[in-house]
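Report on the following structure.
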Amino acid sequence: MKFSIQVNEGPYQHQASDSAYQFTKAALEKGHECFRVFFYHDGVLNGTRLTTPPQDDRNIVKNWTDLAEEYDLDLVVCVAAAQRRGIVDDGEAERNGKDATNIAPRFRISGLGQLVEAAIQSDRLVVFGD
Amino acid sequence: MKFSIQVNEGPYQHQASDSAYQFTKAALEKGHECFRVFFYHDGVLNGTRLTTPPQDDRNIVKNWTDLAEEYDLDLVVCVAAAQRRGIVDDGEAERNGKDATNIAPRFRISGLGQLVEAAIQSDRLVVFGD
Amino acid sequence: MSDTKNFMFLNRRAPYGTIYAWESLEVVLIAAAFEQNVSLMFVDDGVYELTKGQDTTGIGMKNFSPTYRTLGDYEVRHMYVDKASLEARGLTADDLVQVEWEDWETEESVDNIVEVVDSDRVAELLEESDVVFSF
Amino acid sequence: MSDTKNFMFLNRRAPYGTIYAWESLEVVLIAAAFEQNVSLMFVDDGVYELTKGQDTTGIGMKNFSPTYRTLGDYEVRHMYVDKASLEARGLTADDLVQVEWEDWETEESVDNIVEVVDSDRVAELLEESDVVFSF
Amino acid sequence: MSDLHTVNKSPFEKNSLESCLRLSKAGSAILLYEDGVYGALKGTAVENMIASVVADKKVYVLGPDYKARGLDESRIIDGVEVVDYAGFVDLVEANDKVQAWV
Amino acid sequence: MSDLHTVNKSPFEKNSLESCLRLSKAGSAILLYEDGVYGALKGTAVENMIASVVADKKVYVLGPDYKARGLDESRIIDGVEVVDYAGFVDLVEANDKVQAWV
């Protein structure tokens, strides 16, 4: 079955991103397809490569990147939400005159249409939030 | 009177940072002293210069920077919370091997002792959160 | 994409205290542009999103409430309000914005697509949808 | 700094669902290192922070609950639990961790500094403190 | 002397106001702000939470937050006083300390 | 056919479970996870919220979240079934769609 996942909260403050990761991993391990993981609201903060969590704790950003690597996942960060919260890739840096980027590997920034498309194309949309 | 302010949430998702800003501004305009604004939990996300909010909306990060400029405010971002959430200055970038920084002007990264010190030294601690 | 689905946006948050209501509205506009059948459901503190007379000048935030009144122009056909939520908050339909709707081809029009419905109907409408968006 | 204040940490959040409980605990440890008089108050879902037997292996998060048991070593002298919150959740003091305390100089010791108190006492303790930290 | 208690959550969504009222002493000041302002409205299912304490505790509502939410001041429970941000600052100064029921 | 409803908030802190129960149809499946698992406990002030619906709705609790919070499975309300993340996936698959009461 084809799933899409929506993540509304950033890493660590709320469990939402952890739950979304565990669910997505379990779905993939059962042989389901994941059409897209869409990061909205503070969820976009999952897509920064600048985090350095404590050694004895999980690395949520890396978990997503590694899962995307293994299953060729499409990790999409909402552009409007990302602009409000300071998640930047090369294109955004150029457009908005920013002197640095912080997007994590395997994440890409795109529009809300990607969420709507995911809802249309997938058999199930599962939302994780606060 | 000497105030210190604690901000527990990032910009935009919750009103906490807006409320903290409006309160701090009103206190300063009334002639009170602000010993320190301490950003903890997701509050550290107020300290990124990479945000680009919509033209017709307020720029929360810039509001803080401008207020600090005008009143020589001490804006402190908790280092442990910042590491979890990807807020980085030059020192942190070097220590943690990061290839970019995103700290906003007038913010500095320091330890939790700065919050405890603020609570000891100030007449009032006012907490804004979710 | 030729697919058309029935999208339901479940709104349960007050405006301004958090951004969920506003960013949810952004998705509504995009979904309408993708020509999906879009409905909105206001439950719990979500009913506060529709109050008339919102004035944010004192808090320095953008007043996004005028957008609700334009939803009819984006071909949103249904905005449902949970009756129990409204009543618990001491509000009536008169406290809420009105949203006009007109079909440009058939000239069919509706004065106000904001409709107060009871709990059973809310549950039914949620279950009849193809996708429920929660923010 | 020679000042010593009575710090009260008001804990009202369940563990793991959000990080507030954990990051609050970090401040407790630092405050103790600054030689302040540190007390903790557990109210509402905050009482869940103290349950015995937490096991996070299934959710991939760090189990920070053992730290509560060490607070006595950091010279935290009082951990208060709101009785009404505990009872509403069907819990008793037996469900909670015990925290030993010993004064290394006087050799005075207490088997368990976790104390269940009623609402009036909670209000009094909060008001008697110099600073209340909320997370 | 007494404390200022702040409540920023809707009493319909979260239990913050309820706990604040239960665990604050007579003579306390209580400020409703952000989504907490909804607790100051007359004619709601939770009206009595505030109405029953105004004799013992002084309740304030932050005007800018109240206006933002489109509510008329005539609907505020009798005995509740409206303040602006400067008034919020004065309340913090006038009371011994602040207890935030976040 | 029916929907899966997910609840991730404590019923003592927020109104999510209450609204979910009021606005879900008989025959629905309900999964309690994250802080929502506290709603599955016997002997609490809100026990009846779940106990009164288990005849009409199928209630599940996410085991990993429940264990993390230090609670014994013997305390779970009768009729509530424990599932793991794979079981969560199965529930999403087996029902028509998911309604998240975030």
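Letters A, B, C, D, E and F name the chains as they come in the text, with residue numbers starting at 1 for each one.
One rule holds in what follows: a residue touches a chain if its C-beta (ideal position, glycine included) is under 8 Å from a C-beta of that chain, and two chains touch if they have at least 3 such contacts.
Being a predicted model, the structure only gives us computed values, none of them experimental.
On the document's contact criterion, could you list the chains that touch chain C and likewise touch chain D?
Correct list: A, B, E, F.
Report which of E-F and A-F is connected by more C-beta pairs in contact.
By the number of C-beta pairs in contact, the winner is A-F.
Quick one: point me to the chain whose Cα centre is farthest from that of chain A.
Following the centroid criterion, the farthest chain would be E.
Could you grab the centroid distance between chain D and chain E? Build each centroid from C-alpha atoms only and quote it in angstrom.
Between these chains, centre-to-centre, one finds 27 Å.
State, to the nearest whole Å, the distance from the C-alpha centre of chain A to the C-alpha centre of chain E.
38
So which stretches of chain D touch two or more other chains?
16-19, 44, 59, 61, 131, 134-135
In chain E, what residues contact two or more other chains?
8, 12-13, 15, 34-35, 64, 84, 97-98, 100, 102
By residue number and range, which residues of chain B touch two or more other chains?
8, 12-13, 15, 22, 41, 54, 80, 125, 127, 129
According to the definition already given, which pairs of chains are in contact?
Here the touching pairs of chains are A-B, A-C, A-D, A-F, B-C, B-D, B-E, C-E, C-F, D-E, D-F, E-F.
Enumerate the contact residues on chain B facing chain C in the complex.
Residues in contact with chain C: 12-15, 18, 21-22, 54, 56-58, 63.
Please name which positions on chain E make contact with chain B in the complex.
Residues of chain E touching chain B: 6, 8, 33-35, 64, 84-86, 88-90, 92-93, 97-98, 100, 102.
Can you tell me which positions in chain D touch chain F when the two form their complex?
Result: residues 13-18, 44-45, 48, 51-59, 61, 63, 65, 87-90 of chain D touch chain F.
Residue numbers of chain C touching chain A in their complex, please.
1, 3, 5, 7, 19-20, 23, 26-27, 30-31, 33-34, 36, 131, 133-135
Going by the contact rule at the top, pick out the chain E residues touching chain C in the complex.
8-10, 12-13, 34-35, 38, 41-47, 63-65, 67-72, 75, 84
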